[in-house]
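In the two complexes below, chain A is the common chain; its partner is chain B in one and chain C in the other.
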Partner chain A sequence: MVALISLSILGVFSMIAGLFNVNTKAVLTISIVTILGVLGFTAGFHWNNDYSRFYDMLNFDNYAVAFTCAILGSTAILLLFSEHFFSNIKQYITEYYSLIIFSVVGMIAMVAFDNLAMLFLGIEIMSVPLYILVGSQKKNLLSNESSLKYFLMGAFTTGILLMGITLIYGETGSFDLSTIQSYFQENATDSSPILLVGLFFLLAAMAFKVSAAPFHFWTPDVYQGSPTFITAFMSTVVKIAGFGAFFRLFYICFAPISEVWTTAIWVMAALTITIGSITAVFQNDIKRLLAYSSISHAGYMLISLLMVKNVESEAFGAIFYYVISYSISSIALFSVIMAVQKVKDSSSIDAFKGLAKANPLLGIIAAVSIASLAGLPPTAGFLAKFYILKSTVESGYVWLALIAVTNAIIGIFYYFKVLIAIYFKEAEDQSLSLIASSLAYKIVAVLLVIGILVLGIFPDLVYSIF
Partner chain B sequence: MITALLLFPLLASIFLLFFKGEIVKKVALAAAIIELALSVWVWSVFCSTCTTSKEAFSVDIPWISSLGVHFALKVDGISLILILLTNFLIPLIILSTYKHTYNKPFTFYGLVFAMQTGLLGVFMSYDAFLFYIFWEVALIPVYFISALYGGKRRIEVTLKFFIYTILGSLFMLIGIIYLYLQTPNAHSFSWSAFQLLELSPDIQGLVFLSFFIAFAIKMPIFPFHTWQPDTYTESNAAGTMLLSGIMLKMGIFGVIRWIIPILPLGFMKWDDIVIVLAVIGIVYASIIAIQQKDAKRLVAYSSIAHVGLIAAGLFVANEISLQGVVIQMLNHGVNVVGMFVVLDIIESRTKTREISSLGGIASRAPKLAILFLIILLGNVALPLTNGFVGEFLLLNGLFGYNSYLAAFAGLTIILGAVYMLRTFQKVMLGQLTSTTEDFTDLTPNEMAVLIPIVAVILVIGVYPNIFTSLSAADVKSLVGALK
Partner chain C sequence: MDSIIRVIPLNYYIFLSAAIFCIGVLGVLLRRNAIIIFMSVELMLNSVNLLLSAFSAYRSDPSGQVFVFFIMAVAAAEVAVGLAIIVMIYRNTNSVDVNLLDKLRG
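And then the complex of A and B:
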């Protein structure tokens, strides 16, 4: 609750600060400090201390607290990395901050909801600032296109989500998660068309938000067209929130009728992983490549939804470890992309040629984050995939595990295209050696790299918290 | 003690980051020699406690409690031989690179030590999860070594190599996870827990395949060998030596430690097919080797042939052939590195590897010619060289399995003599050519690399007992596992 209120105040503050031309560095510092403070407060006071508000519409249980902290932490790291991006932007900088913070407020509601109405509110609060942020480069045609695309598709999905909620309400008579859950426990064999359609609508809407196939078509265009900082925000923080909500809704609320939807998730996961990784192979633009790879990662995370029969703490641990390792690795890689874009206009893979030689630190950050995204030991990404594979085999989905493994190999192939450009190709011009980073950037980057490795060697730090 | 042996190269690779310029070479060599001394010390302790307990040679520390992963290491006779091989070759490989200059030398030598850690870890680990991690950790540095420093096509070729080997190891990972989930509650990855599993022959056969693909790609066994000639040819000399001398032993060792004791029924289900594949590989690779114009490629194919014989002996798995496998792993590592060192010396002076454009080097460099001849005779398994001991045991074991196959596999010695001696004749004897006219003889550095190699070739050829006695007990228990 404190988190929601203080972040809303922070958002309003930075919006007003823009009006009065307050120094943007100061606003950024205040924002980061507040976010970290809220993170510390949430982790410290709400952990192991369930806390409901608004007639049980929000419930800060351990699951919600963990995801809230992940969202806040990723946002803070991303803001710390923003210097390369904002150095190219002249105006409305604090408005960026405030929109991001408002979006984060929506995400917290999304991972802590205990009521379908709150889920809807959270998704909307998160999405509306995103529509603006995606289109924030007013003079850029691609940015405008992606904003329009995202907005139209998103608005349509909102309709479907509402329809799904209504149908579920019609069947169970409640918006409240625990009431719905107990209804299903009593009527486990219920398979009325209303319920099935409602469930399918909810599934489609959530799949759209996390860009799972076959609802993924907006992702590449939007990721490519958005300003890079917003792409990074969408592919990491928004994804954490999306999966937080998806998992909470299906794993907790619809668990009693899992037979109805596990097959659908199985097929979607296999499709998502395969489409994402195969299409990524043919991309030459790094943002588009990462868009497809993020689709593929969404597929791995979907697999965790199949673990309904497992121990709860294992399933929570697996999904949480995956989102953490995926988001810190992606943020690290995006920070490199932003740095390169500062001196080069293009985001094609060729722009990264010779980066390691011109700037060894950026080279190492890129290498470790790519290794982690590709799932090579001893990085966090390996164990993330390992936990997912282990539980897939454990739940008896050996075929799905084989599909996942095959795609992991394809994943290594396209990630290494980027790594090869960075390490083994010669630069075409000297511009890459002009990238200068502040000390703060360097410290955060090194800490992030160490974090990826430490998480890979001591995964229990995150996996065993539930 | 063995933890120190494992972690010292890792520390060395980090330590090297603090040095700039040519001094790195000296520091690297010093570190490699310290590591060699450490392993000789372990060897001497191992021998002196041969009859008593081996407690000092295993380590078991809980690591990831949520998965039941332990940091478990164990050194037995067979792994000790491979550890000695690794630590013996790394200083020589480093010394052989003294004549090259690398862009950012600390990266290069750091990667070599990182790879050494991975290799030692593979040979020591007693926990399947740890084994898998080290298996991959050994791969990544050698990929960088080969892709950063090498020939023109190195980038495509090494990527193929990397993807190919990862493909194998990920299927092995599924196999490992399957075995893990079969262990009793509070699952465990430990070797002994895996060994206690009693799986049906069909299941063992499937899990065998998932492990075997990984190991077969690494060795490589025909028809999984397609990455190997290109990678060996395009890598720089040190990368080729690491790959051929040490890395392919990971696959053979994997079969010895992780397949034979754990999946004996699966092993017996598939062994006939694998033996036939291995023997086909021997003849096939030997015939291709005869046709090669590029000397490095020739050695690459000859290496497939030699490893094919080792693989055949491995899957015959009687006491004689397994003893042959262990000793031949050591021999092959030493001999093939010797061959590549000589080729590197020739290439760095003449700037070519084309056999046809070389000739008459013996008249300009008699020392090189003599040392090369001994290494080459080791490769063709002449009596009193190490190759004879290994190949004799292997063929003897294969003969006990099937005499026709053994006769067919015996062709390797004849064909090997054909291409090896022809190479020697064309490169070392005959008329000087324009490229070899100003050939100079070995420098002291190069002598320091080649003389230890030649010494080992002769010592093992005359008195193989030094090493066979180390592994005899373990080989016996392996054969016992298959009954």
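And then the complex of A and C:
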């Protein structure tokens, strides 16, 4: 609640600050400090202290608090890394900050909702600023195109989501999650077509938001066309929020009728992982490659939805650990991409040739984050995949675990394509040695790399908090 | 007010909304003009509004009707952003045909 209000005020503040030409560095500092303050407040006051607001429409339980903190933390780290990106932009910088912050407000509503109305509002508050951010390079045709694609697909999905909510409402008579859940517990055998269609529509809309196959077609285009900073934001923070909402809706609310939807999730997860990792092999553009990689990571996270029969704290721990490790590794890798794009106007893998020799620090950040994304020990990404696969096998989905492991091996192949370009190829020109990073960037980057390794060695820091 | 709505059976509302919703979905999938696609999306949203009010009247539960206001407010915000994006595209390409937007391929 405090988080929502103070972040909304912060968003309005940075919008007005842009009007009066306040120094953008100052606005950035204020934003980061406020976000970190809200993070500390949420973690300190709401943990183990359930907190309902707006007639139970929002409920800050431990699950919501953990995801809120993950969202705020990732946003703060991303904003700390934004210097390379914003150094190329001349005007409207504070508007970027305020749109990002408004989007974060929507995400907090998404992970804390206890009412389908709040889910809808959260998704919309998150998406509408994103449509603008994706198209923020007004003269760039690629940015225009991805913005229109994202907008049309997003609006279409909103319609489907709303139809799903309406049909569930027509069957159960309520938007409230606990009322819906108890309705399902009493009528576990209810299989009226209205309910099934509603459930399917909700599943499709949420799958679109987290870019799971077969609703992933927008992802590569939008990720490639949007400005790199926004791509980083979408593939990490937005993904966390999307999964927070997806998991909360299906794992908690629709658990009593899990027989109806687990098969669909099984197929979707297998498809998502396979399509993501096989298509990624053929990509030459790093942003497009990371888009497919994020699709395949979405598949692993989808698997966690199949653990409805497992112990709740274990499933929460597995999904939260995966989300955190994926998010920090992606942010670290995107920070390198943004640094390279500052001197080279290209996002093809060839642009990264000889990076390690020209700039050893960026080389190390890239190496650790890629190892974590590929799932190699001792990084966090390895244990994240391990926990998910362990519970998959325990729940009896051995075939799905096999598909996931096969694709993880394919994943190593395409991630190493990037790593080979960075370490073993000669640079075509000298521009890479021109990258100059501030001290703050270096400190945060090193801390992030240490974080990836520490999480990989001491997973209980995150895994067993629930 | 309720009695007038309940003169027509609930199933009729469901069929009507489903029909409008399908027209909207088909419009999004088949038409190539960004504005028409956009209108079709609005059609989908309005079919949802109709169905929500019907359910809400039949259940004598006001929360469905309140939800309709949420949808209308959010749809208005989406229209503002969406038309701005379409205008931006039109300025750069002099067209609102989505088939022309095929620069992003992999």
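Quick note on the criterion: the second predicted complex is superposed on the first by the 466 of 466 C-alpha atoms of A that agree within 3 Å, B and C clash if a C-alpha of one lies under 4 Å from a C-alpha of the other, contacts with A are read in each partner's own complex, and residues count from 1 in each chain.
Everything that follows uses one rule, which is that a contact is a pair of C-beta atoms (placed from the backbone, for glycine too) under 8 Å apart; a residue touches a chain by one contact, two chains touch by 3 or more.
Keep in mind that what you see is a predicted model, and the values were worked out from it rather than measured.
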item: In the superposition, chain B vs chain C on chain A residues touched; value: C
item: Contacts of A:L402 with chain B and chain C, given as first, second, both or neither; value: first
item: Partner chain(s) touched by A:V267 [first = chain B, second = chain C, both, neither]; value: neither
item: Partner chain in contact with A:A371 - chain B first, chain C second, else both or neither; value: first
item: Partner chain(s) touched by A:G317 [first = chain B, second = chain C, both, neither]; value: first
item: First, second, both or neither for A:E145, with chain B first and chain C second; value: second
item: Common ground on chain A, meaning residues reached by chain C in one complex and by chain B in the other; value: none
item: In the complex, chain C residues that touch chain A; value: 14, 21, 24-25, 28, 34, 37-38, 41, 44-45, 47-48, 51-52, 55, 59, 61, 63-64, 66-67, 70-71, 74, 77-78, 81-82, 84-86, 88-89, 92-93, 98, 101, 103-104, 106
item: Partner chain A, residues of chain B touching it in the complex; value: 64-67, 132-133, 136-137, 140, 144, 147-148, 154-155, 159, 162-163, 166-167, 170-171, 173-174, 177-178, 180-181
item: Interfacial residue positions of chain A with respect to chain B in the complex; value: 317, 371, 376-378, 382, 386, 389-390, 393-394, 398, 401-402, 405, 408-409, 412-413, 416, 420, 423-425, 458-460, 463-464
item: Interfacial residue positions of chain A with respect to chain C in the complex; value: 117, 120-121, 124, 128, 131-132, 135, 138-139, 141-142, 144-149, 151-152, 155-156, 158-160, 162-163, 165-167, 169-170, 173-175, 194, 220-221, 224-225, 279, 282-283, 285, 288
